[in-house]
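As written, the chains take the letters A, B, C, D, E and F, and residue 1 is the first residue of each chain.
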């Protein structure tokens, strides 16, 4: 039943997302939680909507 | 004051969203919380960003 | 598959939580989403950790 | 290390987002948390996806 | 109507929380959002439940 | 910079949490994201606060 919510910058490829989902699922399986009980949700965040070091990430890492 | 955040697949119609908001509001009213104190927020998640059974939902339920 | 996360003040009874879970589940069923696909998660928040009108809720509604 | 997630209506300008990020960062600095340890994430929510007073916000504040 | 959710290590004092709530509220007021429309929610996270640099924060910063 | 928030039932051991944090960190490293840019946050949820199949999880899986 666990739910995983990921906040990350938009721009990852479908291959990266797929690989990430598989890797996180494996991490849960390794502690005894079955893949079919897991929901993983990715929030793609534009860099203009991400603040770090007091700035928009779009200004730091354009 | 309660806040409800809903993560679900993108693709629901405006009518479904409206009905869902009304239904959830009623569920809170039934335990004594007024509609004007409630915020409900829907996150539309593309199936490519949703992992289940170790796969992207877009591959399981295209 | 939807996930519902609820932020609300700590202090609700078990009966209120049960009723709320049933009511929200019904709201999803009414738009065609089955109860077994739904996860509902309640975060009990102490009033000292809730800010409203620029104050801790513990000071406004002790 | 703190993470701040903001849910708000879509439509704020880049200038408003920048100002908000700077202001929140300052609020953390004022309690002794450094800007470089802070991540701030803004979720832009369309009004059709926001429920208040039992309605979609798009109907209350078009 | 904005909602702010803060994830941070448990252990902040009531004074720090109050100051943080006031500071964040001011940051929203400075972009034209009124204090009475804002909810701020603090999640106190034990360091054993916080992962950074591949470790529990409790091991890095006991 | 990614942030991972995990909602799961309370009751996991420190060893399981540590293993989970390491496994998820590795999943991000495998798509090119460094461990030092990642924050992982675990929310321990009592089963009375988790709804599934229209019931509290405490009633389904005591």
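The definition used in the following text is that contacts are C-beta pairs under 8 Å (C-beta built on N, C-alpha and C of every residue); 3 or more make two chains touch, one makes a residue touch a chain.
What you see is a predicted model; the values in this text were computed from it and never measured.
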{"item": "Of A-D and A-C, pair with higher C-beta contact tally", "value": "A-D"}
{"item": "Chain pair equivalent in interface to A-B, over half of contacts matched, among B-E, B-C or C-F", "value": "C-F"}
{"item": "Farthest chain relative to chain C (centres taken as mean CA coordinates)", "value": "A"}
{"item": "Angle of the C-alpha superposing rotation, chain D to chain E, to the nearest 5 degrees", "value": "180"}
{"item": "Proportion of interface numbers common to chain C and chain F (over half same, under half different)", "value": "different"}
{"item": "Of all other chains, the one whose Cα centre sits farthest from chain F", "value": "D"}
{"item": "Cα-centroid distance, chain A relative to chain E, in whole angstrom", "value": "21"}
{"item": "Intercentroid distance (Cα basis), chain F paired with chain D, Å", "value": "25"}
{"item": "Two or more partner chains touched - positions in chain A", "value": "1, 3-5, 7, 22, 24, 26, 39, 41, 43, 50, 52"}
{"item": "Chain-chain contacts as defined at top", "value": "A-B, A-C, A-D, A-F, B-C, B-D, B-E, C-E, C-F, D-E, D-F, E-F"}
{"item": "Complex interface listing, chain B residues touching chain A", "value": "7, 43, 45, 48-56"}
{"item": "Contact set on chain B toward chain C in their complex", "value": "1-9, 12, 16, 19-20, 22-24, 26-28, 30-33, 50, 52, 57"}
{"item": "Chain E-facing residues of chain F, complex", "value": "3-5, 14, 17-18, 21-22, 24-26, 35-36, 38-44"}
{"item": "Partner chain A, residues of chain C touching it in the complex", "value": "1, 3, 39, 41"}
